[in-house]
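What follows is one structure encoded as structure tokens, with my remarks underneath.
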Amino acid sequence: MSAPTSPEPVQLVPGNTLLTKTPEEGRQLAVKMARLIIKATQPDAAVRERLRPIYAEDPAMLIAIGQTVAQEFATIAAANNYWR
Amino acid sequence: MSAPTSPEPVQLVPGNTLLTKTPEEGRQLAVKMARLIIKATQPDAAVRERLRPIYAEDPAMLIAIGQTVAQEFATIAAANNYWR
Amino acid sequence: MSAPTSPEPVQLVPGNTLLTKTPEEGRQLAVKMARLIIKATQPDAAVRERLRPIYAEDPAMLIAIGQTVAQEFATIAAANNYWR
Amino acid sequence: MSAPTSPEPVQLVPGNTLLTKTPEEGRQLAVKMARLIIKATQPDAAVRERLRPIYAEDPAMLIAIGQTVAQEFATIAAANNYWR
Amino acid sequence: MSAPTSPEPVQLVPGNTLLTKTPEEGRQLAVKMARLIIKATQPDAAVRERLRPIYAEDPAMLIAIGQTVAQEFATIAAANNYWR
Amino acid sequence: MSAPTSPEPVQLVPGNTLLTKTPEEGRQLAVKMARLIIKATQPDAAVRERLRPIYAEDPAMLIAIGQTVAQEFATIAAANNYWR
């Protein structure tokens, strides 16, 4: 029932680089990297789908997701020397 | 009912730059970037509107929002070499 | 009733600078900046007043406030090259 | 009853410096700075005394206190160039 | 019953280095290092196995795991000079 | 009953240095420093012993412990220039 449906290892860093052309792309990478950790921890797509409406309508969890993305983005921004 | 009302991708970094003229503008950018992650995660404006009074009257969530902004601002401030 | 009483935009960085003369003043700025995010998110002074005794007597929230201030202070301290 | 008993402003950075002779003293400063934010937010010593057994016997709060100290210490350690 | 089944000390940093060839390997190291702290704190494999379905189906805990990995990865990425 | 059993001040930084020979030793130091803050906040060994099975079987607390160690380790790793 809750058996993993994607047993192949999840790629955790899309493109295998932290370098992006723009801050916008860096932010998108931060969002993706945050999601991929969730995916690696809960590989069952059906479970993740069931959890989605729970966190998407819970303000505390939405705020926590924002904190995760902020942390990932800090690293990506430093890697890109802040796109200065 | 909870169907997304803005399916077009959300712009995550307004102006596509972390550079601002002043600390005040940098702080405003931090607030906006934090909100845009919420928007991208919960694209339904009606749901976000319904959640607003919940977090705005919950001291623990207000504090958590403050933590998110502080994290975003740390990155923006470093990008701007602290407006020294 | 819960209508915002201060609709004018909140100034988020007092003095519009992160630079302070001393660590003590830097710490005070961190506290103010943390509070101003709360104020911007919940502009109704009456609501904030009602919430105050809740978080001020809740140890978990007091600890969370401390974490927010620590994060803001980290940025301010770096901006000031740690007042070395 | 819950009236503040110490209305004078709390000194937030003991000694008004982040510089310490040793890591041990830096760690002690981190603990003190974390506590002083609690004191400034809840100036009533009697309330703080009442809250103490609550957080001191709650593992989640003890862990959260550890996170606060870790954050303060990160700043102090950087200020001291890690006492290298 | 809850007696530790692996009393030998857990190795906390696989390979005893933070340096990796690629961001992807750095991310995998972050995941492993986060898990090894859990293992060191709860050495009983049977208990960890029992806890797994709890956090893997709890969105708040999945988000918190993401925050932990983000923190570990920030350190690893800095150690590798961001694989620039 | 809950009277502190070790009233002597707790040493917060074992060896009074952040410098270690290897990442593994740095990680062990991070774990120790995190624990010593708990010990300083709750000096009663009997209470700490009673709390241990609570957090060791609670996945949310285990995750939070991981976050604390990650924060401490970030500082120690920087102090050691990442053992490059």
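The first chain written gets the first letter, and so on, giving A, B, C, D, E and F; residue counts start at 1 in each chain.
Note that a residue touches a chain if its C-beta (ideal position, glycine included) is under 8 Å from a C-beta of that chain, and two chains touch if they have at least 3 such contacts.
These numbers were taken from a predicted model, which means no experiment stands behind them.
Visitor: Enumerate, in label order, the chains that touch chain B and chain F alike.
Guide: Chains touching both chain B and chain F: none.
Visitor: Can you give the rotation angle that fits chain D onto its twin chain F by Cα atoms, in degrees and rounded to the nearest 5?
Guide: Between chain D and chain F the superposing rotation measures out at 60 degrees.
Visitor: Compare the CA centroid of chain F with every other chain's and tell me the farthest one.
Guide: If we average the C-alpha coordinates per chain, B ends up farthest from chain F.
Visitor: State, to the nearest whole Å, the distance from the C-alpha centre of chain B to the C-alpha centre of chain D.
Guide: Chain B and chain D have C-alpha centres separated by 29 Å.
Visitor: In whole angstrom, what separates the CA-based centres of chain C and chain E?
Guide: That gives a centre separation of 33 Å.
Visitor: So the centre of each chain is just the mean of its C-alpha atoms; given that, what is the distance between chain E and chain F in Å?
Guide: Spacing between the chain centres: roughly 17 Å.
Visitor: Of all the residues in chain F, which ones touch at least 2 other chains?
Guide: 55, 60, 64-65, 67, 71, 74, 78, in rising order.
Visitor: Name the shape of the chain contact graph, picking from line, ring, star, complete and other.
Guide: Shape = ring; chains linked end to end, path closes on itself.
Visitor: How do the chains line up around the ring if the path leaves chain C toward chain D?
Guide: Around the ring, beginning at chain C and stepping to chain D, we get C, D, F, E, A, B.
Visitor: Given the complex with chain C, which residues does chain D contribute to the contact?
Guide: Residues in contact with chain C: 2, 11-13, 16-19, 33-34, 37-38, 40-42, 47, 51, 54-55, 58, 60-61, 64-65, 67-68, 71-72, 74-75, 78-79.
Visitor: For the complex, give me every residue of chain A touching chain B.
Guide: Contacts found on chain A: 22-24, 26-28, 31, 53, 55-57, 59-60, 62-67, 69-71, 73-74, 77-78, 82-84.
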